[in-house]
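Below is one structure, written out as structure tokens, with a few remarks after it.
Order as written gives the chain letters A, B, C and D; numbering starts at 1 within each chain.
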Amino acid sequence: MHYALCLTLFMVGLYGVLMKRNLIKIIISLVILESAVNLFLIMLGYRAKGIAPIMDGTIPPDTFVRNSVDPIPQALVLTSIVIGVGVTAMTVAIALRLYERYGTYDIQEIRRLRG
Amino acid sequence: MFELLGVVLLFTTIAAIVAIETRDLLGVVVSVSAVGFGLIIAFFFMLAPDVAIVPIVVEVLTLVILIRATLRVGLQPFVGNRDFFGFIATAAALVVVFILSMKVFEGLPKFGQPVFATIPDTPSMHYVTNGMSETGAANIVSAVILDYRAYDTLGEATVLFTAVMGAITIIRRKARKAPSEPEVQEWEE
Amino acid sequence: MGGMKHRGMTPIVQTTAGWVKGFTLVFGAYIVAYGHLTPGGGFAGGVILALAFVMLVLANGSKGIPRVLNIDFVAKLDSVGGLLFLGIALLGMLPGLGGAFFNNFPVKVLHIGTPFRLVSAGIIPLCNIAIAIKVASSLFLLFILLILLRIVRTDGESGE
Amino acid sequence: MMQILPLFVAIPLAAGFIIPLVGRKNPRLCDALGNATTLALLLMAISVIGKSGVYWVGGWLPKAGVPLGINLVLDSTSVLMLLTITGISFMVTLYSIQYMDKYTARSRFYSLFSLMVAGMIGVALTGDLFNLYVFLEIASIASYALVAFGCQHEELEASFRYLVLGSVSSALILLGIAIVYALTGTLNMAQISKVIGVSSKPLFYFAVALFISGFGLKAALVPFHTWLPDAHPAAPAPISAMLSGVLIKTIGIYAMARVLFNAVGMTPLFLSVLLFLGALSIMVGVLLALGQDDMKRTLAYHSISQMGYVVLGIGLGTRLGIAAALFHLMNHAVFKTLLFLNAGSIEYATGTRDYNKMGGLREKMPVTGATSLIASMSISGIPPFNGFWSKLFIIVAAVQAEKYGYAAWAVIGSILTLASFTKLQKRAFYEEPKEAAQVAKEVPVLMQASMIGLALLCVFMGVLWIPQIRDSFFMAAAKALQEGFVYATHILGE
């Protein structure tokens, strides 16, 4: 059920990337696509009734080991979020520059103007 | 708890659909932020405070940039899809992929039972058992991203650097010159 | 790109931003410094630091940022942050410090720090600081580039 | 002893950070630093020929067979990739010194270039699945920016499409990595190959499908090729050369081969998928190339076709097939780089890429003409140039594997390639000069030097296929790929 929702989010993003004509909408779709993958990774590490992977000195180590959620997916998602920010920034820069050239965010209009 | 998480995810998905489909600028901005905050709540529910804290701040920055990028255009409505037949074909293909993937996803570990707890000899198990004593960091996620997998983080910092460098390059004032011309200043202070 | 021109907002916003500025900076610094003990770290803290400056620029206009924070300087800071991080990694390769790329030498070789204290975890807080510098300058730079600079068609190269 | 491995990545990264710091006002310093970096990397790559080893970043050695940190792996296959990447990079930076006089922001160019090289070397060396993704993204993002470097309409639009499809492929790859993690609980390729075995779970096939489509998009195999003919011609010529010559191979084909052979494990089904995609790419690429008027666009379509040969060779799955594919990969890097640099020289001299406006350039630009002729013969598979040998042995391997249809198909593709390049040579270099060609004169000396160096490689690289070198170099690389499990024990040290 939870995986299904995550997959739906992925498909929504994919649909937007493939079908939208507006550059801004494509960028939003890319962000959604990346978020869906991040969400999926975090889901893989989740443990029912677990605790966050941070020790504070009060939890006994063996309880921590038995209940901690998986730290690796969280580390991966942190990295992948930053990568996502980088990609988004590049895309926005190109889109702004395209807008300045053509005066529109419509990708078909841009292609038509280019001839 | 499980049901609550489901509701949050459902909300996020709906917000995502609205963000992509609505033609109104304000609607786009609101629903994009709704997606972001839905994700943040989901991350908190799934006990990933380290991860949840980052999208909060990233979300704010992305929104600022998005609003400014679209405001410059004024409130012109967003145009729709590419074409009708393409739409039908794509939608059908995506639905087929979705159904197939759902069948396949039955092989995943059950939600709430991470793989490192069921399979022996995983690095994660080692991290939660010995991470504190080996690295000295109480935050195991920090220990992973900055010690065990610090090389990844170097790559991540480089990705950000590359993207910023790329953005500077793309937005520069003048890109081409004659071979004899001297190097030009990229921007005025 | 005709320089940075942005008027700023009303005096109410400007005053509030002035008050919140110090708090945001301290909070960002805290998130960075305690990243190895609590949630957060170089990336989250760096974004918060960048947001403090972004807020100032949005409230006060381009006059609101100190003179030193021009594009040139921030771009340099960006490189320096990256170099610092790489430098910490390369430091671990020195023969006396364990001889491995990204070796956590303060913990493994020098045995500095006590658990749960600020000074612990060796290179992790150092890396956090380097990352915070890098991320804060990167994002502030992006903000200046994508938001404030007006792109003007000055090159007569466009083919129309 | 393997201390050199992290330096392979650290040096270009440091160059990427330092060049914009010191080179803003001094373009010549940028040239010097950029070339010094690639030269140093090339020398380092030469120094590791024949060596192998594993390097654990951060000193995290595996404990009881559990890999804790990220590892860098040097084996015959990665040595081959390192040589290709660094060799071509050096030739291209040499060419850029004078070619990039046409563009501004030289410090940004060299910075992005170094970062792209760092990303590719990172991909070539890593033994960790997620680390591969991170470095793949560095190389991709740098290449998006470099495609748009000229900031004109064509560049921006091509870069946007490239960026969107590239991001989709990255998302697919990351999803695949997540699924593999869910199956095995680890990201280390060696450990994955031990844990996963050859699993028949549908989930496993799903992950492999994600990998094939994700890396296929990066490598521009045929159903996923639409971005390449826009993106590669749009970039400045040295970057077109890098993208077609090295990037699609490293982050597309090499990464796919590494993941499929050494991590998730190859099965006959995947091999036949690769065979089919390769054969499709050969034909579609060359047929589309025949209809082009734009010189760089023609070359871009030929890249798709030639990548088809490499994938076909890998898809055969035999030792000889993979070795010949790797040899072709290396040869293609050399001659396609040379062809793009030739096209860049012609554009530099005449200002056009349309070969209906050229003609008679052989007299006006003798060095460009001669090197282009060598490269054209090489890509068309005419003996004794290097392209002939690798194509020949891909076909021989296909015959040995009793895939006669595929062998014949590859021969037909080669003949069509020859036809396409005959047309290109005739139109550009031999016919009556058109108006754009009247004023052309030979390009500056460093650009010539780079082209001559590559042309010499085209002539003499066939020597690498003599049995002694072949066995210790290409066959060993093919063996490293084929024996997935040996790879695992070699790394985890059991």
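Everything below uses one rule, namely that a contact is a pair of C-beta atoms (placed from the backbone, for glycine too) under 8 Å apart; a residue touches a chain by one contact, two chains touch by 3 or more.
This one's a predicted model, so the numbers in the text were calculated from it and none came from an experiment.
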item	value
Set of chains whose contacts include both chain C and chain A	B, D
Most remote chain, CA-based centroid, reference being chain A	D
Inter-chain centre distance, chain B versus chain C - centres from mean C-alpha coordinates, in Å	20
Approximate Å spacing (C-alpha centroids) for the pair chain C, chain D	35
Averaged-CA centre spacing for the pair chain D and chain A, given as whole angstrom	28
Centroid distance [mean C-alpha coordinates] between chain B and chain A, Å	2
Multi-chain contact sites of chain A, meaning residues that touch two or more partners	13-14, 44, 52, 54, 56-57, 72, 78-79, 82-83, 85-87, 89-90, 92-97, 101
For chain B, residues that touch 2 or more chains besides their own	49-50, 54, 58, 61, 65, 69, 101, 105, 108-109, 115-116, 123-124, 127, 132, 138-139, 141, 143, 145, 147, 149-164, 166-168, 170-172, 174-176
Touching two or more other chains - residue numbers and ranges from chain C	37-39, 43, 72, 75, 79, 82, 86, 89, 101-102, 104, 115-116, 135, 139, 142, 145-146, 151, 157-158
Touch-based graph of the chains, sorted into line, ring, star, complete or other	complete
Complex interface listing, chain B residues touching chain C	49-50, 52-54, 57-58, 60-61, 64-65, 68-69, 132, 134-139, 141-143, 145-147, 150-151, 153-154, 157-158, 160-161, 163-164, 167-168, 171-176, 187-189
Chain A to chain D touching residues, read off their complex	10, 13-14, 17, 23, 26, 30, 33-34, 36-37, 40-41, 44, 72-73, 76, 79-80, 83, 86-87, 90-91, 94-95, 97-98, 101-102, 107, 110-111, 114
List of chain A residues in touch with chain B within their complex	1-9, 11-16, 18-22, 24-25, 28-29, 31-32, 35, 38-39, 42-48, 50-57, 61, 64-65, 68-72, 74-75, 77-79, 81-83, 85-90, 92-97, 99, 105-106, 108
Chain D - residues contacting chain A, complex	130, 134, 137, 141, 144-145, 148, 151, 153-154, 156-157, 159-160, 163-164, 167-168, 170-171, 174-175, 178, 181-182, 187
Chain A contact footprint on chain B (complex, rising order)	2, 5-6, 9-10, 12-13, 16-17, 19-20, 28, 32, 35-36, 39, 42-43, 46-51, 54-55, 58, 61-62, 65-66, 69-70, 72-73, 78-82, 86-87, 90-91, 94, 97-98, 101-102, 105, 108-109, 111-117, 123-125, 127-129, 131-132, 138-141, 143-145, 149, 152-153, 155-157, 159-160, 162-164, 166-167, 170-171
